[in-house]
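One chain, chain A, links the two complexes that follow: it is found with chain B in the first and with chain C in the second.
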Partner chain A sequence: MPLEIDKQGGAGSWVIAVRGEVDLYSSPELRTAITKAMPKSGGSVTVNLSGVPYMDSSGVATLVEGYRSALETGTQFVLAAPSQAVMKVLQLSRLDSVFTIREGA
Partner chain B sequence: MNDTSEHIIEVRDLVVKYGDRTVLDGLNFQIRRGETFVILGGSGCGKSTLLRNLVGLMRPYSGEILFNGRDITTMTDDERIEVRKRVGMCFQGSALFNSMSLADNVALPLREHTRLASSTIDIQTKIKLALVGLSGFEEYLPAEISGGMKKRAGLARAMAMDPEIIFYDEPSAGLDPIVAAGLDMLIRKMQSTFNLTSVVVTHEMASVRLIADTVCMLNAGRIVGTGKIDELERSKDPFIQQFFERRPDEESDTRDDYIRSLMGIDLPGNAT
Partner chain C sequence: MEGTEFYLDLASDPRLLNGVRGLIRGYLVSAGVTGEQADCIVLAVDEACANSIRHSYGGSRDYRIRLIARRDATGIEFELRDDGVPAELERCKKKESIGVPDGSTLQPGGLGVQLMHEVFDEVTFTPGQERGNRVTMRLSLPVNPGSVKRAQDG
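Let's turn to the complex of A and B:
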C-alpha cells in the first residue's frame, strides 16, 4: 500500500492527511511533508493519521522530529485520529503522553 | 506488512546433512503469524542447525522453507538479502560490534539498508534502546555493560529494521533467573504490541512456560511433538516425558564395554 499524502490549509495552519503504511521505506516522504508544512513561527500542523493502519518506529521517529521542530518554531503540532494499532506503538514508545493527540480527524 | 496469510513460515520435508550425517530428518511444521514458536530439545538435537536454516544462513540437503509463501532455499543470494531485511536475529552471544557504541550497533542496519535521515535514525535508535530498558546507555561500549544488558542491546539491534519475525538463539543462556524473566517479558511485550512473530530456540523450561504459544520438540533431528506446552507435558512419548521430568540418560556402556573402548581388547572370559 503506497503512501499518499495530502496537504491542505494555509496561512500557517496546515493539515497533512496520510493514507497508507508508514514504514522504513515510506517515512522519508512523511518527513518531507512535515518539514515543508512547518511554519517559520507560530501556526499549527495537524497530522491526520486516520488512514494509517500501520506505523513502524521510523514513522514514530519522524513524528518526534516534527514535534521537535514545532517546539523550536512555537508551532502547535497535533496528531489526529490515530488507529488503535498506531496508538499502541505510541504507547509502547511512551510518547502517547508527549504528543497532543486528537481522537477525531 | 502486506502479507496477511496465516502462516509466516512453512517447513516441508526438511533434511539437513553434515557430510554423510543426517542432522535434521524430514521436518514438517508451520509457524503462525504473530505467535511465539519455541523450538525445544536437548543439546545436539539440531535446534541451532534448524534456526540457521530458517534464517537462510545454510542451504538444506532437501526440502522447502517457505517465508511468506516463497521458498528461501531456492532463492538467489540477492533475494535472500531482501528477506533478511524483514527478519531480526538475536544471537546467543549478542554479536554486538565491540568497537561501536550501543547506539551505533543499533543504527548500523538502518544506515546500511534505508534512506532514512540520520536525525530520524538517531531518534529511532533511542526508541529501540528505551524499549529494552537501555535509555541513557546509548554511548556505552558492549564491554562496559553486563551480560543481560548485552542481550537486551542485541534485541534492540534485532528490532532495528522493524522486522516481521525475530529469531532468538538461547536468549536466556547465561542469565540469572530474574534477568532471564525480564527478557522473557520483553519478548512477550514485543509480540503483543507489534504482532511480531518470535521463534525461540531454548532448553530453559521456565522460559518456555512463560513465552511459548506453540512448542516444537526435537530429538535426534526429528520432531517428537508439537503443540501447547501443557499438551506436550501430557505426552506419552518417552523422550518428552524424560525431558520434562529431567531424568538423565541411563548409562549405555557396561563396565566391559568401557574397558574395551579404553584398551581396545576384550577382557578374558568375555565371549562377545
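Let's turn to the complex of A and C:
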C-alpha cells in the first residue's frame, strides 16, 4: 500500500502531510519526501502524522534522519499531530522527548 | 512449538508486512489480546519479520520466514525462523538506554530489536551454526477467564 504524501508551503517552510502505514516497505517514500523538502539552511519542515495509523522502527529511523539533517542545516523540524500509534512507537523508542511535537496540525 | 495455534510461512518481501500485521492482529483477538497490548505485540512481531528481511536476507525477497505463535494460560509466545545469515548476538542485546535527549548523537539504526525487547519480557536470538536464525519472544499475559475465545471454539 503506497503512502500518500502531500507537500505544501514554500520559501524554505514546508509541511509534509503523510497518509498511510509507514513500514519497511513504505518508509523510503517518506525519507525521499523529507530529504527533498529539507532547506539548504534555516526554514522549517513540519511532518504531519495525523493520517498515519501505523509506524515501525524504519519510520522512526526516517524521522531521526530528518531530525539530524535539520540540526545540520539549522532547520526547525516538527512532528505535527502524531496519531496515537505514532506516539506509542516514539515512546517505546524513548524518542518522544527528543522531537519537537506539536499536537495540532 | 507445542500447542501451536498460529502458523505462517511468508516470503521475505516487505510488501507482505502489511497483510502479515493483519493476520497477527486477528490471531491476537482469538487469543484474547486486544487494545494497546495487541498493538504493541503486532509492532514487535512486525519488527522481527522486518529484521529478518533486512539483516538475515539482506533485502532479498524470495526467501522464507516462518512465524509460529502459541497462547497458554500464562502468556503468549511467538517464534520466527529464517534460513538467512546468522545474527550477530552483540547486535541483538537489549540496551539499557535507547535514544538520547541530545539528538546530535542519535543514531537511526538498531531500533527494531530494541522495540522487540521493550514489548516482550523475553527475546532470545538463536543463530544457526552456518545458516538460519530462531527468534523467540515471550510475554507473560495471564489468561483472564472468559476473555479468551480460542479458534477451536469458533
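Note that in this section the second predicted complex is superposed on the first by the 104 of 105 C-alpha atoms of A that agree within 3 Å, B and C clash if a C-alpha of one lies under 4 Å from a C-alpha of the other, contacts with A are read in each partner's own complex, and residues count from 1 in each chain.
The criterion applied here is as follows: contacts are C-beta pairs under 8 Å (C-beta built on N, C-alpha and C of every residue); 3 or more make two chains touch, one makes a residue touch a chain.
Remember, it's a predicted structure, so these values are computed and weren't measured experimentally.
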*Consider chain A as the common anchor and indicate whether chain B and chain C clash or fit when overlaid.*
clash
_Is A:21 touching anything from chain B or chain C once the two structures are fitted on A? First, second, both or neither._
both
*In the superposed arrangement, does A:58 touch chain B (first), chain C (second), both or neither?*
both
*So, does A:71 touch the first partner chain B, the second partner chain C, both, or neither?*
second
*Of the two partner chains, chain B (first) and chain C (second), which one does A:94 touch, if any: first, second, both, or neither?*
both
*Could you say whether A:29 touches chain B, chain C, both of them, or neither, answering first, second, both or neither?*
neither
*Contacts on chain A seen with chain B and repeated with chain C across the two complexes*: 1, 21, 23-25, 54, 56-58, 60-62, 64-65, 88-89, 92-94
*asked:* Considering only the defined contacts, which chain B positions touch chain A in the complex?
replied: 1-2, 110, 113-117, 119-121, 123-124, 127-128, 130-131, 159, 161-162, 189, 193-194
_chain A partner contacts - residues on chain C that touch it in the complex_ = 14-15, 17-18, 21, 36, 39-40, 43, 46-47, 50, 53-54, 97-101, 103-104, 106-109, 111-112, 114-115, 118-119
*Can you check the complex and tell me which residues of chain A touch chain B?*
1, 21, 23-25, 27-28, 31, 54, 56-58, 60-62, 64-65, 88-89, 92-94
*State the interface residues of chain A toward chain C in the complex, per the touch definition above.*
1, 21, 23-25, 54, 56-58, 60-62, 64-65, 67-68, 71, 85, 88-89, 92-95, 97-98
